[in-house]
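Read from first to last, the chains carry the letters A, B and C; within each, the first residue is number 1.
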Amino acid sequence: MTLQVEDLSIYYRTLRGDVHALESTTFNVGDNEIMGLAGESGCGKTTLGTSLILLKPPMKFIKGRVLLDNEELPTYDTEKMNPFRFKKISIIPQYAMNAMNPTRKIGKMTGELLRSRGVDYKATLPLLKERLDLVKLPESVLDMYPIEMSGGMKQRMVMVISTLLNPSLLIADEITSALDVASQKAVAEMLVEFRDQGLCKSAIVITHDLSILYEISDSILIMYAGQLAEKAPTDIIIHAPRHPYTKMLIATLPEVGAKYSEKRLTGIPGNPPLLLNPPTGCRFRDRCPLAFAKCVELPPFVEIEKGHFGACWKEFGPNA
Amino acid sequence: MNTPKKTNEFFYFALKNKKVLLGLAIILIFLLLGFVGPLIDHNSPLDYVDPTGAHGPNAAYWFGTTFFGQDVFSQFVHGLQATFLVGLLGGGIGTLVGMLVGFVAGYRGGVVDEILNALTNIVLVIPTLAVLLIIAAYLQVRSVVTESLFIGLTAWPWAARAIRAQTFSLRTREFVDLSKMTGMKALKIITTDIAPNMLSYLVLTFILQFGGAILNAATLDFIGLGPTNTISLGLMMQYSVLWGSLQLGSWWWFIPPGLAITIIVGALYGMNVGLDEVFNPKLREL
Amino acid sequence: MLKLNNVSKVYHGGTFGGKEIHAVNDVSFDIANKEIMSLIGESGSGKSTIGKMILRLISISSGSIDFDGVDVSNQKGAALKEYYRNVQGVFQDPFSSYNPIFKADRIFSFVRNEFYPGVSNADWNKKLNNSLEIVGLNPEHVLNKFPHQLSGGQLQRFLIARALLLDIKFLVADEIISMLDASTRIDVLNLLADLRKRGLSVLFITHDLSLAHYISDRSVILYRGYVVERGSTEKIFNNPLHPYTRLLMAAVPRLDKRWEPTKVVLETKGDEAGNTCPYFSRCYDDRKTEECKLGVPSLKEVEPEHFVACCGCTQ
């Protein structure tokens, strides 16, 4: 078990009070598992991903425990996390490819990054070249400025840098959203290749695009308004979901082939709740067609069959 | 009709910000002095009230008298009026012309922008002192208004540049496109969509122009190019230095005006920094 | 209803305007009454530029645009305002379309001031409420609010309601749902299709193939400012001919089937479009012919309602 998260709660400190961005989340990521983390905007997926590696204000650690390779990960202490970052756990942040210093050549930037982590650049150079080969980037890329590279090239470079020291867990936050279709496919497939070749043990892929997850992830974790809704192997989530939210979400996605004139799809009426003073219990109950009295109590995230978890009194309850 | 939402939030933060409060307080004190002073002090500033010459502050003349026997306090409060007038008029003209040029250049772009840019650069580069000397040689009588006009017409490039840059970035926003698609004319879009969004910027620009105008005026007065028909703080400083207050030690003649200018302009700039924090939520401390 | 005739857009960049950027090249297509047409392309394909040219927010470098038979490419002033009574647009970012310091209803009062100055308050409110109900919004819940108090979906519907106030015949929808959440996307999309029944034509600009297929009758596929394939959506999707279209179909992630291990040639920076087929450097070798290097291929009809611009396909 690469990652074990127990009862993690993260709030955001704001002028008007605490925003309950993540509420009592418990889940695991197995060895060599690529888990997709999906949900709509505001569901807390980026918060979850970032809190595992860089928890800084305005994020507030409320409670919980994180274990990486059975070792405690001190996510609440930025200082103590230093030896873990980049070496055991690594992240490709959102918009990473646009965050590269435009006045630095790629090679120089990589060198500075490695030096700041206590790794010698010259010694790592042969390894770096090997990795560049793997992602089909020419060696000359180390001498280029970011502006000379296309979006796909920059993203692949960021992936190489993030996985240079073979982390146990790689967190990839929206790595395909800003790319063109061909680069998207290449980058996504590259992530799987990294896992297959052992460059990273497991990965969490954060995105709102379920179709990308269908292509590359082993399992998918669906979140809603800071709570976990359902986690299951990819095929089950896409073709046989149990949680009402997951079911409705999948139903709103037109696949290539669906036509309005043939079958009119419907969305989910209503809006996600504001997390400043969130409703008690299951946060989906206001929009859920199956909601009943017990839903004001928070349903636990239980396993109903191997690898299939969910939090819903109706679908994952004792009578399901 | 539609009031900007930030008004209440703005006042809340503005009145909480120490720099704004302090700056505002100082300015108001001086403003009050400048208005009330001449009312309670019935002497004309240029009257020779004390034939015995320069004396330090005493009961009759709170700030003492000048070398010629004029009431320093009287000069001071009248000078304050002139100083604030120059700031308002000079700063106002500078801001208005800057707004005109900046908005048009920023919104239109293209050839119009190029021309206005060239104009801005030329005015920026003109050696204002040399031009003023020439003008001074022709104009026998100069008033505060003339001085303000001159200052305003040479200080606007800074405002124009800043406003142009902001307008450039705002005009690509989609709500401007939406207004265009409603058939609104360019001027209307500038006044109803772009300018209100830049309100904070415009206020800050005006404050800077105000302070800058006061400083400019003080400089011009000091070297003898000030108004000829009235008294101002800068003129007080000029006379005091010219007529030996430094040698004679009549500190009451040159320190009050100099100190006043420093404090006023300092307060204005301090207010500016404070307002920047108020307008820009990211700079605020939580 | 709307016809584009050889429309091109050239930007002059670089110092002293030396470098030329061809955003749109010789694009022609037409949209009929009560039709939804998709303009499919990735970023850099020129699709948004075309949308803005139709909305007259960007000038046209060459070619012309006809609306109901009238050339609107150079209209100004009152004629342009008339044009805006018939044609309106909605853009991608709902929050950027509103001036954040004012209430959202301001967009309606602008329309009222410019187009319906003499209308009484009662009549205007009736018209407004009617528009809001057509787009599925409850006037009580959404009026008198600031943009940040409304959701993305509500804001986009507001913009559609605004367009309806003018009784428009044609709407340019530029990626209007790509920034919305999945659960609201389909509702806004359905709204567009419903509006078609009321007589509205829509140009639906998107990069998402599945959305295009869901809603449109005909499609145009753009690559680097050129039209590479166009025609009935069904026919293009069932029988994609141009190598770029095939790339799109193969590389787009789908929920119904997994990717096949096809070889995908990636775009490298610095590909300049010259006087050859714009897709040449990425094309499959077995498709390339001598003709491809001779000039930009023109659209040829391969079956009724299915045109392709590819020398290698039409031999």
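Quick note on the criterion: contacts are C-beta pairs under 8 Å (C-beta built on N, C-alpha and C of every residue); 3 or more make two chains touch, one makes a residue touch a chain.
Predicted model only: the values in this text are computed from it and were never measured.
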item	value
Where chain A and chain B overlap in contact partners, by chain label	C
Which of B-C and A-C has more C-beta contact pairs	A-C
Chain at maximum distance from chain A, centres defined as averaged CA atoms	B
Geometric centre distance via CA averages, chain B-chain A, whole Å	54
Distance between chain centroids, defined by C-alpha means - chain A, chain C (Å)	32
Whole-Å gap separating chain B and chain C, where each centre is the average of the chain's CA atoms	50
Residue numbers of chain A (touch at least two other chains)	none
Of chain C, residues touching chain A in the complex	42-44, 151, 181-187, 189-190, 193, 207, 209-211, 213-215, 237, 247-249, 251-256, 258-259, 264-269
Residue ranges of chain A in contact with chain C within the complex	40-41, 148-150, 152-153, 180-186, 188-189, 208-212, 214-215, 238, 248-250, 252-260, 264-268, 271
Residue numbers on chain C that touch chain B, as the complex places them	52, 55, 57, 80-81, 84, 88-89, 91, 93, 96-103, 105-107, 109-111, 114-115, 146, 159
List of chain B residues in touch with chain C within their complex	1-2, 4-6, 173-175, 177-184, 193, 196-197
